[in-house]
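Look at the two complexes coming up: chain A is in both, with chain B in one and chain C in the other.
Showing the complex of A and B:
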């Protein structure tokens, strides 16, 4: 009888701890996510350098404009415009992020002078041949994942909370991600991506964080290493420009043709 | 009688007496040596990579590694599902394919899974580009949907003949793996999961057969076959040898002593391999079998002499010392020549043969040591009664009459044997190289059976071309894509090509999709930027693991065309490679030209490469062995003469092979040098005794031949029988390269016996008649030098 009681209370306690750590995980993620708020739109230029296992390199340049939605239940909108390589100059990708459904995407092809909607349930593949999937480097939607707090450990010179996040949507390329969020500035320092087997697939390190005058933090170097194929991709961001007064009307497909 | 021989034999008898005096020390040292060196065997591992067959300098290997670093690794599993009744596009089969596709992702190190269900089918819907799995939820779909999807798959050049058989009865699921290559258990680990999946599916879907093949299965088969050979052939070998020795010696203790000699020699050989870090392959796993076979010869020679001397009435210790004395030189020479023969394997282009050669050389060296040390040491303590043996007497009498026959009929024999050998040799040009890696394994190996079944529906031999374009992004250039298309058409027209994968097909499909699926747009876009943007659009639509990174290089300055061959006989493959190069020269600008590369290409050229290298090795071996013979027999003439009975058996064996089998894998390139080292032993023993008769006993040539037959004829036959047994065991290996080697060596050593017994005496007597003065001079000079 006593044993039984002890067993039940232990069970109850652990369930409680588990629940707490779930909440804690979400809290940390949410705090990190919200620390970037406080702007409505941003624009930035970046270069993407791809390196394969043989050490060969290739680079692309692109520009991303993002319109942030205040409401965490609705996804951000973004436009990616390529400027190099020359063959795809002016090609523009409009994305309306969804929380649990596939994002809506349109691509403007200057050579065809048409906008094509990309109707694909699963876009978890590599973005323009890089080691990044589109979902890896666009703004992370808080509610796309469920969270679990794992532990606290030091990361470089900082202390980090380590979170596990699992996608709540079907078509992710990953089963889980482990992220390191520092306790000082609440920024994500590192993310490990695990494939559907549960094996480590890629490691993303986010470096060169700078805080802008509006209080928002942004990493300026993102380095992704595929641990299975030894291919790597580095994203180098220029300076962000915030609050240019963009709104929903700038993120519709008819605007894509004039973004060159 | 030369003092050289006296000195050597005096030393040998002193050594034997010294060993008998310090027998416990000798035994302890022998055991300690075996334990210390043998402990290295604990580090032995099986290689699970076919690349071990190629030296790092192999140009075909380098080209292939380059290709894999640029695109993706080509390690794969190919699951093949064959329907027993019904078709692939029946819901039940599709369910199996879907389940297999999903579960295949769980195979360790899998990075990509391609099947007819997850094929990324693209089509136009208004201004939308729809990209979706070709088949999803097949159980819920109406028949019309399945039929239309079947038609799409049949019309899709990327699927037909690659993942779907044209008769609609078989389908394949291809799993690409990327091993970290840090541990040796990676491949077996993946294979065991792949097999679990296959077994589970076979149970759930009884209406179809499941087969697994592919490079990872090949790699695994190498390890499994090596282990299988190790588990079956080596115990059989031990049993056979024990039985044979027992029958010859008629003494259990005697057999046990010989047994311990060969066991310790094998232990040392394997321990050496472990210390050096050799990765075991089915080829190097034949080393213990060969060592067991060869190690026994030294002991047999010493013990047969010992028994004869005891029978003549000598006491135990004196007989032992005398047996060591008279055998020391021939045993040393034969060991040396055999070692030289095996060391020449280092000239091969294929590292497993280096390992085989070096491991066997070490084993034979230790057998020499243990025979000379353990036999006197142990027999001096054992009671060994050389009971009157009527068999031995009978065999001696038989030998005598045989010798008389050979001497009397030397001329007809000389003519008949020469003609017979010449006839066999004339067949050598008909030898035909053929290296098909599937056929390296016999039907007892699952990989072979599965591959044979798979091969009825799909090609298994991919040939890759990495085709460069003009600079970064150049793959979108219309000229480039048109040229790719033309080449793909040419490849599809070749008889042995079952499938061609080229991005030109994807570009044509996308162009059609972009124009509302109008079939007249199923062609290469005529604008570079258009193609580049289509590709970008398509890439954005693909799911994880199904991207184009394995077809297009990083800066889009090259793409890869894969032609899959449904068979790859070496000659046919070579002709095909030449045809592709000729076509390219005629039709392609210089910058695009691409050479074929792949595992199949490597295996196609490995025979030629090995053969070229081994010709040098074998020539050097023959020279080295002739010099050893001249020096140790102190006779230039006999050393030179020995070349005939030493090299003819190998040529005769090649000829016989051409007549009987016709087809050879690359292992036979190494046979010459292995056989050479072995067949020379008979000649050494025969000539050594012949010379002893001439020099020590002052016999005439005829009598010296009789003496040689009487004293070693029996031992040579016994040895040939034991060697034949050993190589017969190797012939039963499940690994064809070993079986070839076993049978070919078996042929050589038996030809050697025939030539040594029938031709060598005739040659020795021929010398009497024509070049007796030369012979005498060399004999005398041998004597005077040492005087």
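Showing the complex of A and C:
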């Protein structure tokens, strides 16, 4: 009986420590996440270049509009609109991100003028055939993860804090991610993604950071490399436009068919 | 004529737009379609060629004003069929000007547009605004442009839209030489209308749509000319004549989305001078994401179709039918997908087997494949008349 109780309390204790971030890890992640607090809304055009293991490339152009929700318990709203390939021009994905619950997502199909509510359970699936999963691409919210500080080491010309983050939401394709956050501008420079078996799956490098007049930093080249398949995806961003006065009415399903 | 006048006004707005500035966007595409029928034709007059070809051209011109509160679109569509001239079509799918007021709270649209209502995959019951381009494809998903004045009001509690629909578009049907028709040809030249205003009758529609957590809900009402006609034999019985009724219709469409499950319901209550009836379709789509640890998704679809209309109403093949299907999406660079399904009529045992596959080639071309096999016993009048019309269709669509 006593043994049993001890066993339970040990189990309980370890569950407790697993479920909590360590303070230092969370603070570093929070400082990075909050460095653009108050950007209000943003819009950016980008190209996505997909390259397979044989080196064959194909590309897509898209635009992303984001509405910030300053409350960290509520997720941001975003719309992704494709302009190429031409057969999917005008295809738009609307997301109302949640923290731990599945996001609300709608897809607009221009050929039929049809808006479909889609399942967002597909977090680990590839986003439009790329090496980015849906969960890498939709807004990364601070409280979607728990954090652990690992170490400090140099990353290029900067010093970085290295954090482990584990998803708190269901159906992630990852057991953990290791992220490198620099100590100068508090931006994420690199992320390693570990699959459900715990093996290294992908490495993301975030480069070409620029600071905008509102103080927000944004990377302008994101390079994702799948270490298991050797496929790669590169995102190249144009200039961000901030604070255009977008509101909730710009992120409703009826608005999707007006976008190009 | 009204469509033409609407188009001319839209064109004038579009032509004057460059002086106003704003953003312009255009694209065009051409599609070549080949349909191969395995059986010889069943009915006299039908072309005995086993391969029917058609070409379709479409363009889109879109303008958004500098301030973003005005927009206009022009989408012409042309189709030429090498055998059946009733499949030829000159249409404007869109030709409108629209304006927002109060940062998007109100939106007014004048001109030709296309709207889609509903959630189901196997049939589209609530979707009544646009006439079906019935000869384009038997799936009923291709539509003709509809002239309208639409006022929409978007608030926190949802979207409310009122439609005034001043001009009715007649449904198109296969001609004498064409396949996928019954023994008697349907001759639209003698179309009859219940209302004296005929195709100038002003139809009205109202729609509310919103979402509540995991539930997306649409409620709709329609008063006017029913898009599906009754088909009546003419005096000497040589042809069938479409007869367009006046109806009142109330509809609901709802989808509950939970994890990988989509639960769907569409229902309409319709009242005409001949009958009151209910039609409904309900079912689910469950998706198995990441099949066998790959990027591919496999969806399982099941829908049941119900309809209690009287025999005097326009016939429906979706009266007591089960639709089962699999949807495979490879999630690859080419967006390859295959939907394969069976529609089974529980009463007559008629079966429609359907495959729809698509894949992009390069960056500007999409290849599509359609296989439709019809197996029907004699007592299923509609499908039995199409018994010889199973076909395989291959098309290539090139974007510019």
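By definition in this document, the second predicted complex is superposed on the first by the 236 of 260 C-alpha atoms of A that agree within 3 Å, B and C clash if a C-alpha of one lies under 4 Å from a C-alpha of the other, contacts with A are read in each partner's own complex, and residues count from 1 in each chain.
Keep in mind that, in the parts below, a residue touches a chain if its C-beta (ideal position, glycine included) is under 8 Å from a C-beta of that chain, and two chains touch if they have at least 3 such contacts.
Only a predicted model underlies this, so the values are computations on that prediction, with no experimental measurement involved.
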item	value
Overlay on chain A: chain C relative to chain B, clash or fit	clash
Touched partner set for A:168, first chain B, second chain C, both or neither	neither
First, second, both or neither for A:31, with chain B first and chain C second	neither
Partner chain in contact with A:107 - chain B first, chain C second, else both or neither	first
Touching partner for A:58 - first (chain B), second (chain C), both, neither	both
First (chain B), second (chain C), both or neither touched by A:88	both
Which superposed partner A:258 touches (first chain B, second chain C, both, neither)	second
Touched partner set for A:117, first chain B, second chain C, both or neither	both
Winner by number of chain A residues touched, once chain B and chain C are compared	B
Touched partner set for A:50, first chain B, second chain C, both or neither	both
Chain B versus chain C as contact partner of A:247, first or second or both or neither	second
From 23-31, 113-121 or 221-229, the chain B stretch with C-alpha clashes against chain C	113-121
Those residues of chain A which chain B touches in one complex and chain C touches in the other	50, 52, 58, 85-88, 112, 114-119, 121-122, 124-126, 128-129, 173
Chain B residues touching chain A - in the complex, by the definition given at the top	66, 69-70, 72-73, 105-111, 125, 127-132, 178, 180, 472-473, 476, 514, 527-530, 532-534, 536-537, 539-549, 552-556
Chain A partner contacts - residues on chain C that touch it in the complex	23, 25, 27, 29, 62, 64, 71, 103-105, 114-116, 119, 141, 152, 154, 156, 159, 209, 211, 216, 255, 257, 259-262, 287, 289-290, 295, 297, 331-335, 360, 363-364, 366, 397, 399-400
Touching residues (chain side chain A, partner chain B) in the complex	50-54, 56-58, 82, 85-88, 91, 93, 105, 107, 109-112, 114-129, 133-134, 171, 173-174, 195-197, 199, 228-229, 231
Contact footprint of chain C on chain A as seen in their complex	50, 52, 58-59, 84-89, 102, 104, 112-119, 121-122, 124-126, 128-129, 173, 247-250, 252-255, 258, 260
